[in-house]
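Following this line, the structures themselves.
Presented sequentially are two complexes of chain A, the first with chain B as partner and the second with chain C.
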Partner chain A sequence: MDFGFIFSSAASELFSPTTAAYALAALGLAVHFGYSGLLNFGQAGFMAVGAYGFAISTLTFGVPFFVGLVIAVICSVIFAMLLGIPTLRLRADYLAIVTIAAAEIVRYIVTTNQLTAVTGSANGLAAFEGGFYAMNPFPAGSYMGMNNRDFFIRIVGWGLVIVCCTLVWLLMRSPWGRVLKGIREDENAVRSLGKNVYAYKMQALIIGGVLGALAGMIFTLPRGAVQPANYGTELTFFLYTCLLLGGLGTVLGPVIGAMIFWVVLSLTQGILYGLIESGAVTWLNTVQAGQLRYILVGVALMLLMIFRPQGVFGNKKELAFA
Partner chain B sequence: MSTHSEEPRPPVEIDYMTDTRPISAGDNVPGCKKRDPIVVAENVTRSFGGINAVDVEYLEIPRHKITALIGPNGAGKTTLFNLLTGFDMPNSGKWQFEGNSLAGVSSYKVARMGMVRTFQLTKVMGKLTVMENMRLGGSEQPGERLSKALFKGLWGGREKEITAQANVLLEKFKLDAKKDDYAASLSGGQRKLLEMARSLMVRPKLVMLDEPMAGVNPALTQSLLDHIKNLKAEGMTVLFVEHDMNMVRHIADWVVVMAEGKIVAEGPPGEVMKNPAVIDAYLGAHHDVDLGDAEGIKELAAELVADEESIVGTENAGIIAIDVVAAESDEARHKRKDSE
Partner chain C sequence: MIGAVFASVVAILLAVAPASQATSPSPTPSPSITTFQNNISGFLRDDARAPIADVTITARSGDFEGTAKSAANGSWSIGVPVQGTYEIELDESTLPEGIKLADGQENPRSVTFSQTSNLSVIFAFGEGIVVQQQDFGQNLLNRLVAGLSFGLLLALASVGLSLIFGTTGLTNFAHGEMVTLGAVLVFAFNAIGLPFWLALILSLLGGGLFGYVQDAGLWKPLRRRGTGLVPMMIVSIGLALSVRYVIQFFFGGATQQLPFAQSAEIQLGPVSISPNNLWSLVISAIVIALIGIVLLKTRLGKATRAVADNPALAAASGIDVDSVIRIVWVTGGMLASLGGILWAYYRPGVTFDMGSQILLLIFAGVTLGGLGTVFGALIGSIIVGIFVELTTVFGLAADLKYVGALFIMIVVLLFRPQGILGRRERVG
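Now for the complex of A and B:
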């Protein structure tokens, strides 16, 4: 087994654009669930809306990169309002049901054959990232072992993560964030103090949704393709895993959670494949090993919940009264 | 106050603690007009399924007074609270606060108008500190708008004022030592105090307390009572739901009695508690009969014979007829003596 390779590939996951995308989307979930108590099970839907909003506006309407970005963000705002207007006056569970259904609806719509000309159906869309890489200020060459395109997307992705984390941190330390946390604890009490709970929940849903849409774009840009299969329900649950790993009501938690998630996946894959190739494990093939690592992530999550239920960054004191 | 005016000015403001002017504008009958009402409710009804939970023909809450709302369980007191504060919408009726109609006004706007409530099941934000709970009550904090939240310069000043206000209240309610603890770590009584203090952060004109004394030990009850009295001294109006008649007698200026959704009586506490309708509704018609001995049973039976609604004394009485019951209790007594 080549441990050097296993560890280096695990380390490269730490700052991969996909990890950045997961971190952003999980940060959106932290705004929803960790701070506001909104049970959003459709974050994959927000990511899909962002990715498709960008890809379709670029390919079908031929708009420049930043216009596509704005369109994607606006689409996610509209999506959040569509979900929020009927459900935010109701109990939290209704939002959960509606979001999980809405995320699936989005996925089925883009898979529809009738819309192949626009959405590319199951094959998805490709070749929309030209506008992005055209802005690459780095000339061709090797940057820390990466080519200039890989380096550029990492810089942009993680730059976006840092900006968004700062914004969320600033928001959550403000009185606005305090109202949100109050709503998470007891929305009727907040209402009795003269705060428009509905408006706050809507704002939180939109902010988290926009973070999800940005994550969707960061997710698709390095791949150069957007496919409906990537935005299934399991994506939302991976994001929840990241969020729980890092700590619910924290800003850095989702970021570190996403890193842990991908490093654990990469490490277990490397080790399992290594064991299979060296003949130490004969009862598994590489396809099964690919599935097994998700089981191991589940086990890691269980262990974390047992021994550190507040997550890596969470506040233990908060849990004492849960 | 200017220094050169040596004579003390005559008090322009009325001392609300010693104000003895009559509260009602006429006789103390259910639904009577008040001299100075702050809340007026007219024909407010709310039914759940087929049950009329609240059916209030007319009710006025006197300003600058402590009004107690009493009544047996299920009388519709909390439902009336919910209706008045916009947490529930009535099926019909009009109600207004300081002359502004509240029909269709959502609960948060009602609170902003100065009508703040607490809850029967105390609601504190457990995972926020006591201080943050208090700050949450602060009004007109620009930082609560998303557009200004990012910039501390825009809301930091108001935050300091709110914090100062909260510190004063916390000290008054003896919670200042707990300032930085999570609200979830407070005891039940302390949570009641916190909830009351938090509602005062809104600077309300009318404080509505839903069972402020429920589950609070006697020592704390006394301090809660003092707090409620202080609210009046500071010019606030208080409306509270309570079961303990002694408390009510102690602090209320005015008592409104509800039973089965209707206002059955109102008036000053001393008067209301002598009202037969209240005793009937609240304590039960025959609450003072000792059923432990034969004399008591006979006495009750005699009362029930006189009571038109009771079947005792008619031919339908069956096994609860006075002769049967008396014979049984005699028999039971003999048996007890035998066994001794």
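Now for the complex of A and C:
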């Protein structure tokens, strides 16, 4: 077994664009669930709205990159408002069911063959990233073992993560953020202080949703393709695993959680494949090894929730639930 | 000189050898058919219902092209890489003498996957047979009955979910996997050679056992610790993920069929329905009626309703709350198993994610009727089932039919958050 290769590919997951996308989306969930107590199970839907909003406006309407970006963000704001209006007054479990249903509706709509001309149905869309890479300031060459495209997307992705983390940190230590945490702890107490709880929840839902949409774009740009199968309910559940790994009511928690999530996935894959190739494990084939990793994700989610709900960095006092 | 010729001959032989090996027929079947998870399949039968063998059928989409020959029993199947739209062509020159496609049978035709990974294509044969263009009323009636059958099988699962929610407050995201387990167990027991009826019984027992183990091993200790409802919901998601992939680990990603999955539609008065759907309708109606009688008429049912109403008060009046909850979990597991078996016949096909596909429809049924009310779950599920089937009659594309049901759920929550039969209490 080539441990050097296994560890280097696991280490490369640390700063991969996909990890950045997971970190951003999980940061959005931290705003929703960790800070405001909103049980959003539709983050995959927000990511899909961002990715498709950008891809469709680029391909169908031929707009430049930044206009596409703005359209994607506006779409996610509208999606958040559509979701929030009926559900933010309801109990947490209703919000959970409605958001997961709305995310699935988005996925069904971009999968349907009725809209193939616009969404590409099950095959998805491709070749919309030209405008992004045209802005690449790095000339062709090798940057820390990557080509200039891979390097550029990492710089942009992680730059965005840093900017968003700073913004969320500033927001949460502002008076606005204190009201939000108050809503998480005791909604009625905050209401009795004369705050418009509904408006605060809606603002939190929109901010987290925009983070999700940006994550959706970072997720699709390096792939150069957006496919509906990537935005199923599992994606949301993986994001919750990242969030719970790092810590709910923290800014850096989701980022570290996403890193741990991908490094552990890569390590287990490398070790399992190595064991299978060397013949040490014969009761498993490589397809099953892939499934074994997701079994472990599920078990990890359960164990985290039961034994360490505050995650690696979280503070038990800062939990959205007692 | 001779050495040079000899050397070049050896070189040529060496170059040819691997090529000749590669062209020799390999005894193992081509892997391309088995590796794809999606397939397009069907049965070729002439108007006398005799199977037609050795007919070539081709599926094309973009660069992909797959071919199949119908087997001795008339069945054919083409594995395809992705779900999407394919052009299916039956090579009419390979048809036996005297057999022709019926008039009005489009060939080639374009077909599209809806939710399942298996797509059946029917070619009708025979002289002068014109495939009847169903009129709107006929179609409406057929879909209504199919929807009722679908709704009742959803109700089996959602009554269990609703009972569990009512007595423990848990929104169980792993209920979809309990549905899958029922169908997978029947397939597994049948595959190891047990008779079909025994496989059915064992699968129901297995579902009940899974419910019992879940409650005893996971949920009861969590209730003891006083874990909140939201953390328990997230734990159930973790459970759902791990169980789903455990099932895939052993079952694989392919679609399998239960015995007797293929059946021709029969005419029952004005309605044409497949016998499987009819059985499903009758079985689920009887089982739900039994559950209703137990809940309304027996001591156990009364105790269950008391626990659902107020667990503390029920405990104070001498009801063993834990044993009631245990019975609810076992019943819920068995009902979900039964629902899963019927769902496998309705789709048709068994896959590792068949339960999570209808999980949201089950939720929709439960929320429509009112969280925690058993009869609400029944009515809600029937509405969802009929709605899903009827939307295709009124022009919604088949691959969007679940969207309508989910959308209706959101709209109902907007105007009547407690659901149709839910009590008017604060839900926010």
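Odds and ends about this structure:
Just so we're on the same page, the second predicted complex is superposed on the first by the 303 of 322 C-alpha atoms of A that agree within 3 Å, B and C clash if a C-alpha of one lies under 4 Å from a C-alpha of the other, contacts with A are read in each partner's own complex, and residues count from 1 in each chain.
Following the convention adopted for this analysis, a contact is a pair of C-beta atoms (placed from the backbone, for glycine too) under 8 Å apart; a residue touches a chain by one contact, two chains touch by 3 or more.
Please read all numbers here as calculations on a predicted model, not as lab measurements.
Legend: residue contacts after superposition of the two complexes on their common chain; A:Met135 is shown touching neither chain B nor chain C.
By the document's definition of touching, neither partner reaches A:Ile162: not chain B, not chain C.
With both structures placed on the common chain, the touch criterion links A:Ala102 to chain C but leaves chain B unconnected. When the shared chain is aligned, chain C comes close enough to touch A:Phe237, but chain B does not. Contacts of A:Glu185 after superposition on the shared chain: chain B is touched, whereas chain C is not.
By the touch criterion stated above, A:Gln203 is placed in contact with chain B alone, chain C being left untouched. Touch criterion met: A:Leu193 reaches chain B, while chain C stays clear of it.
When both complexes are aligned on chain A by C-alpha atoms, chain A residues 320-321 touch chain B in the first and chain C in the second. Here chain A touches chain C in the complex through residues 39, 85-87, 89-94, 96-98, 100-102, 104-105, 108-109, 111-114, 116, 121-123, 233-234, 237, 240-241, 244, 287-288, 291-292, 294-306, 309, 320-322, going by the rule given at the top.
Those residues of chain B that touch chain A in the complex are listed here as 85, 87, 106-109, 111-112, 116-119, 123-128, 132-133, 135-139, 141, 143-146, 149-150, 152, 155, 159, 182, 184-185, 195, 198-199, 201-202. By the touch criterion stated above, chain A contacts chain B in their complex at residues 167, 170-171, 174-179, 181-182, 184-186, 188-197, 203, 249, 317-318, 320-321. On the chain C side of its complex with chain A, the touching residues are 82-85, 112-113, 171, 222, 227-231, 233-235, 237-246, 248-249, 253, 356, 360, 363-364, 367, 371, 397, 399-400, 402-403, 406-407, 409-411, 413-414, 417, 427-428.
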